[in-house]
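You will see two complexes here that share chain A, one where it goes with chain B and one where it goes with chain C.
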Partner chain A sequence: MTLYLALVAAAAFVISVLLLRAGDEESEDRAVSGTHSGNRFGPVNGLQPAELASRIFSQKDREFILLMRSSRLQRLYLEERRKVALHWVRRISREVSQIMRNHRLRSRQSSNLNVTVEMKLFFLYLELRFLCGMLLLLIQLFGPHALLNLAARTGELYQQIGRALSEVGAVNRTASPGNIAAS
Partner chain B sequence: MSNSIQRVSVQSAYEDLQRRTLSGIPCDFARLIYLASTRDYNSGLYHHEGLAARYGVDEARQALQSTHREIFCRLVSLPLEGLVSELETYVRMSHEAPVGFIHAWEELEPYRVAVPMEVDSTMVQLFLSNIRLALEILRFRQEKDLACQPAASLQPSLGR
Partner chain C sequence: MLTMAIWCVGTLAEVLVLVRGFQAKLFRRFPIFYAYLLFVNLDEFARFFVYRWHTSYYFQVYWVTQFFSLAIGSAIILEIYQVALRSYPGAAKMARYLLLVVFGAILIKALTVPSESVITWVAATSLVLERNLRIVQALAILTLVSLFFWYAIPFGRNLKGILGGYSLFIGISIIQITLLYHSWDLIKPFWTYAPSLSYLLVLGIWARTLWSSQPVPEARADIRLESDYELLVASTRDQFRRAVARLGWGVRA
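Now for the complex of A and B:
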């Protein structure tokens, strides 16, 4: 039992360290990204997060590289995909944290908080942060292969948070003093 | 009202661009490079003489910009194998010696300017990374072909 608890604590510690490190490396990513902006929760300027994840963590690409039977290509492929996968996870993690921070600030001023929606949002956020930590750890240890399901779930959660936030936004708009006065 | 007229013009410019110009270009990668070449490096604004004359400067600009993004997204969505074939077609189209082409592209990375502005940063990373890989794959195939050639020439000619 003690061993089990120690293992859980160690895993939590490693994930926290990775998330903190992710924060530091985000600025690097931003510098690399240059003028290209990231979009939030939608495919306005690109693919949906889950679609993008399926491209980055694709097994098909790996099989294609393996067919070449070149260790140099395999090494390069692993290195390149690892970089892109880490960039994706860090970006998701950074954007969700920022959005939740903004949401928290707005919620403090809101008079009609929906506790159920807020709780749902909080648990989705926790799950997403946990998955991001896991992904960072696993990608660095083993590379992005065989993590497609985990990455797809992360992309899905990211979109779910977006939907939940727009629900909250809609509720707040409906109940805002201006709307009440107008009705 | 004027907004809806502009939308119709942008749509017409978009269709015109697809029909007259882009359909004559054999692959998406070449279309991407072409569209990037219609963008001014300093301002980031697109310009196409013919489209602007027919539909207006702004409409032509928007049509070029959205087509550029669309083709970029299509290329990012491609599996690596598909991107390698796109690049291979583009190399053939360029009429350059493949060895020299690959070397120049690896050194100068001109594909960086083919990326549209204001697109998802991870998509940009994936695209650039895939191009690097595709170039390496083409180089690998080249080396393999070259290695096979001398061996083939050493084959005994049975008819003599």
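Now for the complex of A and C:
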């Protein structure tokens, strides 16, 4: 029992630290960069989001720098690329928070709110934030190129979110007004 | 003498909060809270007179009135829920489910203990029973407060005061009863004054926040139709999908 409680407490602590860390760094990031995303998912500095990500984490750039055979250049490159990658992940983390915030500010007034879907959304949100925290940690520890292992998990998560949220359409279509009032 | 002085100040503070509540017409908005405060106030006088002139009945009177006070106190939590979430049916629905889960978990926990433990629990001192009921109240408040923060529910100064003061009162009660039960020797020197002084603190919060009626900020009606919720979920799904896709791009690159 004590071991179980200790494990739960440790897990809660790690998650909280990661979330808080992501949050703190987000605010620092915002303050330092002073950038404003404007259109949340739109082009950034003329680059499409996907294109931007592939450029930030590009293996080609690293290979090119390696060809220069300069340790100083490699170090500078890794430092700069790490900063850019961290900024990028923090920004996504911030956007995810904003999406969830907008969702709950609007859903709180909905009389036909679906508790199951909301709970699923909440846990997926937590998972996403946790992934962002893990990405930040990995980038800080191993650099921006050590992230391939997380690719499969994010792909799965993407599928889960699609499935969880598409359920609500079916549920709401089948629910009669009487059922909604009774619930 | 000091104990008597603290008792008098506390009773006067209760009367003050009650009078201000009637003057500011707050009792119409929070009838259960003011009924509770009135009950506690009258109860204090009743206990005082019984203690002074019918000491042999004091124990019975104390526990009977204490459990009435606990029952009305629980209704305050219901009032907080009703007042705070009146304009937020979605958040209210979520609160009902979460409270159901919390109370269900407590019930299951109580039923799954061995039978002799249940008997022991029921037969346990009134003090432990009171502490357990206070813990249930605390869990209900914790659930509600978490939900209020999650959905960014605007309280208004008055409701915030009631919620803050009552939460503090419950928290202090749990600590006091636990200490009283387990470490009586340790707290004996402070016991005469500690409960009364902490209750004065709670009354101070109520007097300050319930001095005048403050409007509760109204929420903008963003969502009206049933289809709006579906659209909202679809929109959130779409935005999440884009965010995850970007994250996926990053790690795949």
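FYI, the second predicted complex is superposed on the first by the 105 of 183 C-alpha atoms of A that agree within 3 Å, B and C clash if a C-alpha of one lies under 4 Å from a C-alpha of the other, contacts with A are read in each partner's own complex, and residues count from 1 in each chain.
Quick note on the criterion: a residue touches a chain if its C-beta (ideal position, glycine included) is under 8 Å from a C-beta of that chain, and two chains touch if they have at least 3 such contacts.
Keep in mind that what you see is a predicted model, and the values were worked out from it rather than measured.
Once chain A of one complex is fitted onto chain A of the other, the partner contacts of A:Glu80 are limited to chain B, with no touch recorded for chain C.
Once the two complexes are overlaid on the shared chain, A:Arg108 sits against chain C while remaining clear of chain B.
By the touch criterion defined above, A:Ile65 lies against chain B but remains apart from chain C after alignment on the C-alpha atoms of chain A.
Here chain B and chain C are compared by how many residues of chain A each touches, and C touches more. After overlaying the two complexes on the shared chain, residue contacts for A:Leu157 are found with chain C alone; chain B is out of touch. Of the two partner chains placed by superposition, chain B and chain C are both touched by A:Trp88. On chain A, the patch touched by chain B and the patch touched by chain C overlap at residues 55-56, 58, 88.
Those residues of chain A whose C-beta lies close enough to touch chain C in the complex are 40-41, 49-50, 53-59, 85, 88-89, 92, 95-96, 99-115, 117-118, 121, 124, 128, 131-132, 135, 147-148, 150-151, 154-155, 157-158, 161-162, 165-166, 168-169, 172, 180, 183.
Within the complex, the chain B residues that touch chain A are 69, 73, 76-77, 79-81, 115, 117-126, 129-130, 132-133, 136-137, 140. Across the interface of their complex, chain B is touched by residues 29-30, 32-33, 35-39, 45-47, 51-52, 55-56, 58, 60-61, 64-65, 68, 70, 72-73, 76-77, 80-81, 83-84, 87-88, 91 of chain A. Residue ranges of chain C in contact with chain A, taken from their complex: 87-91, 93-94, 97, 150-153, 219, 221-223, 226, 228-230, 232-234, 236-237, 239-253.
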